[in-house]
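Paired with chain B in one complex and with chain C in the other, chain A is shared by the two complexes that follow.
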Partner chain A sequence: MIRHASPFAPVHARSAFVGRVDPRLRIVAAVALSVLVALADRFAVLGSALAVSVLGLALSGLPWRVVLRRLLPLNAVMLLLLLVLPLTSGGTPWGRLGPLEFSWEGLWLGVAIALKGNAIVLVLLALLGSVDATTLGHALSHLRVPDKLTHLLLFTVRYLDVLHREYLRLRAAMKVRGFRPRMNRHTYRTFGYLVGMLLVRSFDRSERIAAAMKCRGFRGRFYMLDHFVFSRRDVPFGLTSLAVLLVLALMEWT
Partner chain B sequence: MSEPLIRFRDVDFSYGPDRPVLCGCNFQLAAGQRVALVGPNGSGKTTLLHLVVGLLEPDAGRIEAFGQVRRSQHDFHEVRRRAGLLFQDADDQLFCPTVAEDVAFGPLNLGKPRGQIRRIVAETLDSLGLAGYEHRITYRLSGGEKRLVALAAVLAMQPDVLLLDEPASGLDERATDRLAEILAGLPQAMVVVSHDRGFLERTTAETLRLCDGRVETAA
Partner chain C sequence: MHIIEGIMAGTVHGREILAVGMAATAAGTALGLYKMDHERIPQVGVLSSAFFVASLIHVPLGPTSEHLVLGGLMGLVLGWAAFPAILVALLLQAVFFSFGGLTTLGLNTLIMALPAVCCHYLFRRAACSHREPVVFAAGFAAGATAIALAGLLNAAALVAAGESFRELGPLVLLCHPPIALVEGLITGSVVVLLRKVRPEVLEAPLLVPAAKEVLHG
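Entry: the complex of A and B
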């Protein structure tokens, strides 16, 4: 069991219905729903998917403020698309502004993309937002995602903080000697040195880590200590997800 | 005296022609022997430890470990199981997300059954006063805790020899005391590299000095 071993996950998300479902199942459901939404064209399907994802989000117990903050950059891009697509895609015009002509087709295309984008992000947030990176890595590896990719994820999680601290130490060392970033060559060169130094140090560290792993008998294969187990709790979630997928697929392709 | 666990015979090692480190180095460690290895910065203390477990290869000379001459990487697989090296920086050693996984990493590589591994993990952590740390995230531990977990990870391999590279560096007084107490209570033969005289006095029985690429018995 690994579920209780995830201090990154928000506490309030734990008690919620989605938070206790096997992460593997959540990954499969989220990916399946995302693929379906990406392929779908009908507005009824896209709208329903968005509604389902909002519902899922409510069940996941993630705080709305966090969700809204994550949606903001996505919808900034979507707004841009909504402005540009009616101008560029051509078709039946619905309005004009001087020499510019807005088309219905472009507008609907923009709306469809915005719906798709939001539905997918919300589904991923609802189902995987409360999974910490460590559990996600393990779950992916149990789902037969190639070892190299999951190791990359796990090592990134583990050493991001170490590298960040290294960066902060270097920055502090620069600061105490009076460095203040400005728009000049000295600044560019100094940041170049900083990045270069970080790369060199990271490389050295990776060598030392590899040596430490060798010392403990590592020969290129990872073994997992923890195993996930399906429980009865996972059945309603699995069945609900399957039903939603089927209904959406039927709506789209019949 | 019985056959030493580890023996260097006239070992030369250099990091390139302008940086010789060991030169005709002779050194041995017997079962139960607790040796402090001292010497100035850059004198080759870490290098010597890395040579023991085959992370570095000597330019000349012979390294014997556990009764056999060790040359190839394959020879050193067994050495690494029986001689546990504690690195200077615990962050290099602890790379698994949780403490339990990190401690289990060595035994898993040795192919032990899972039930036994769980027992080893629990017992090792318990013996270091780390019971209940299993699911802590390794990079959120304090410096002292990291060092102890790294030691647990080494001890979980159930080694016959401990090679400790600056085990007390960066630890506060209390953490140093605790580590010294734990090390003093371990049965393994050990080589301790440190600059902390007090720490060495409490953990080791004799002192060797690395000087001009050779190991000498310190007065």
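Entry: the complex of A and C
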């Protein structure tokens, strides 16, 4: 038996203030705040948005270790940009190193990008980081996302774990036979066959699923079992989000 | 390959490009969904799940390793359905792993899915050939072209976004050829295997293996 920890499980949140809010409301709030941050220019707005998303993160009860690990790759690139952009932007210099000139404009652009990127990623993490994918699919479906797209999402989510296990089984079989990845033709062909077999097995599985669904009278409609009810619990979150959005918009466009 | 969250939103032109990306992805996804009838939803869903899992595979490349993208293969297998499949995959990546946020979703989907669809039209005929070298070459070309085109789109988006990113474009282009080569080799092998084992995946005739052939070479 292969020990298996699913990489696709949602992060477990300790407290659940955000987790109890209607997922539809969370999706709308995350989209609205992301778009606002993308459009904003003033540093006060970007800084406040980042602060708001950090606050949301604290309320979501996600473990900080997970959050920091997830932000690491993004911020590695951001650091690189902060070093490169002052060199490539041109404008008023604030320092030079030999022939290299560091400009203020580039630095500010880098800072703005870092703020925006982190705020947008954190908002998504805070509001939807602990939602499980099936709920996400149902919520999207209730938000009038086309049926076929949500069905596709639900199917993809449903079989991620199954196929990941299938993949681990194939990988274990390769290991048992002494396969060690190197940089040669044999390795690439073997990986090609691995992917190919994964697709073959998925295809066969999908045929069985389709047949089973047809047997049960599938007509292109899933009957959603999660019906979200907008309740009194959601009012504080909704009002706070609306207030935050309004204040940020006023700060930016007045 | 991936345009990172925040960078395009930094400039006015960048925001326009983000909006264009969203609109184009919406159009492509609508067409993909329109062309995919209800009967095929389980198939496309399970296959895109498999592509998601395959994209977690890291293959050695020089001193480092690269994860697979398989855009070309998605194009060959899924056609226009690659648009919704990639959109779903990127959305799940953003939610599960925090790779990218909501505002780059449209542009990133476009960057990956448009080359995939191009590969579908360019290399499908050749991938259905009866001669194994041609089939392998078609797979190789699809895998490599998808990566190269995606790199080009990525670099073009950066260059168009503003003066400051002009130097980043060529830099991004520079790291794509080795990835394209590896993706090509792997996609070629996948297509050959699929043609011999389960040609229905590609809706192609069975490729009869040569006499006395051992599949692992």
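The rule we apply is simple: the second predicted complex is superposed on the first by the 239 of 254 C-alpha atoms of A that agree within 3 Å, B and C clash if a C-alpha of one lies under 4 Å from a C-alpha of the other, contacts with A are read in each partner's own complex, and residues count from 1 in each chain.
By our rule, contacts are C-beta pairs under 8 Å (C-beta built on N, C-alpha and C of every residue); 3 or more make two chains touch, one makes a residue touch a chain.
Being a predicted model, the structure only gives us computed values, none of them experimental.
*Asks:* Is A:112 in contact with chain B, with chain C, with both, or with neither (first, second, both, neither)?
*Replies:* second
*Asks:* Touching A:170 in the superposition: chain B (first), chain C (second), both, neither?
*Replies:* After superposition on chain A, A:170 lies in contact with neither partner.
*Asks:* Could you let me know whether more residues of chain A are touched by chain B or by chain C?
*Replies:* C
*Asks:* With the two structures laid over each other on chain A, which partner does A:148 touch: chain B (first), chain C (second), both, or neither?
*Replies:* The second partner, chain C, only.
*Asks:* Of the two partner chains, chain B (first) and chain C (second), which one does A:213 touch, if any: first, second, both, or neither?
*Replies:* Once the two structures are laid over each other on A, A:213 reaches both partners.
*Asks:* With the two complexes superposed on chain A, say which partner A:74 touches: chain B (first), chain C (second), both, or neither.
*Replies:* After superposition on chain A, A:74 lies in contact with chain C alone.
*Asks:* Looking at A:249, would you say it contacts chain B, chain C, both, or neither? Reply first, second, both or neither.
*Replies:* Touch status of A:249: no partner.
*Asks:* Which of the two partners, first being chain B and second being chain C, lies in contact with A:28: first, second, both, or neither?
*Replies:* So A:28 meets neither chain B nor chain C here.
*Asks:* In the overlaid three-chain picture, which partner chain does A:205 touch, first (chain B) or second (chain C), both, or neither?
*Replies:* both
*Asks:* After the superposition on A, what does A:124 contact: first (chain B), second (chain C), both or neither?
*Replies:* Only chain C; A:124 stays clear of chain B.
*Asks:* Quick check on my understanding: which residues of chain A belong to both its chain B contact set and its chain C contact set?
*Replies:* Shared contact residues on chain A: 7-8, 154-155, 157-159, 162, 205, 209, 213, 218-219.
*Asks:* Can you name the residues of chain C that touch chain A in the complex?
*Replies:* For chain C paired with chain A, touching residues are 4-7, 9-11, 15, 18, 29-30, 33, 36, 38-39, 41-50, 52-54, 56-57, 59-62, 68, 70, 73, 77, 84-85, 87-89, 91-92, 94-103, 163-168, 182, 185-190, 192-194, 197-198, 200-201, 215-217.
*Asks:* Along chain A, where are the residues that touch chain C in the complex?
*Replies:* For this pair, the touching residues of chain A are 7-8, 10, 30-31, 34-35, 37-39, 70-71, 73-74, 77-78, 81, 84-85, 88-90, 105-106, 109, 112-118, 120-121, 123-125, 128-129, 131, 133, 136, 146, 148-149, 151-160, 162-164, 166-167, 181-183, 185-200, 202-207, 209-210, 213, 218-220.
*Asks:* Going by the contact rule set out above, which residues of chain A touch chain B in the complex?
*Replies:* 4-5, 7-8, 134, 137, 154-155, 157-159, 161-162, 205, 208-209, 211-219, 223, 225-226
*Asks:* Write out the stretch or stretches of chain B touching chain A in their complex.
*Replies:* Residues of chain B touching chain A: 50, 53, 55, 77, 80-81, 84-85, 87, 89, 91-93, 95-98, 100-101, 104-106, 108-110, 114, 117-118, 135, 137-140, 153-154, 157.
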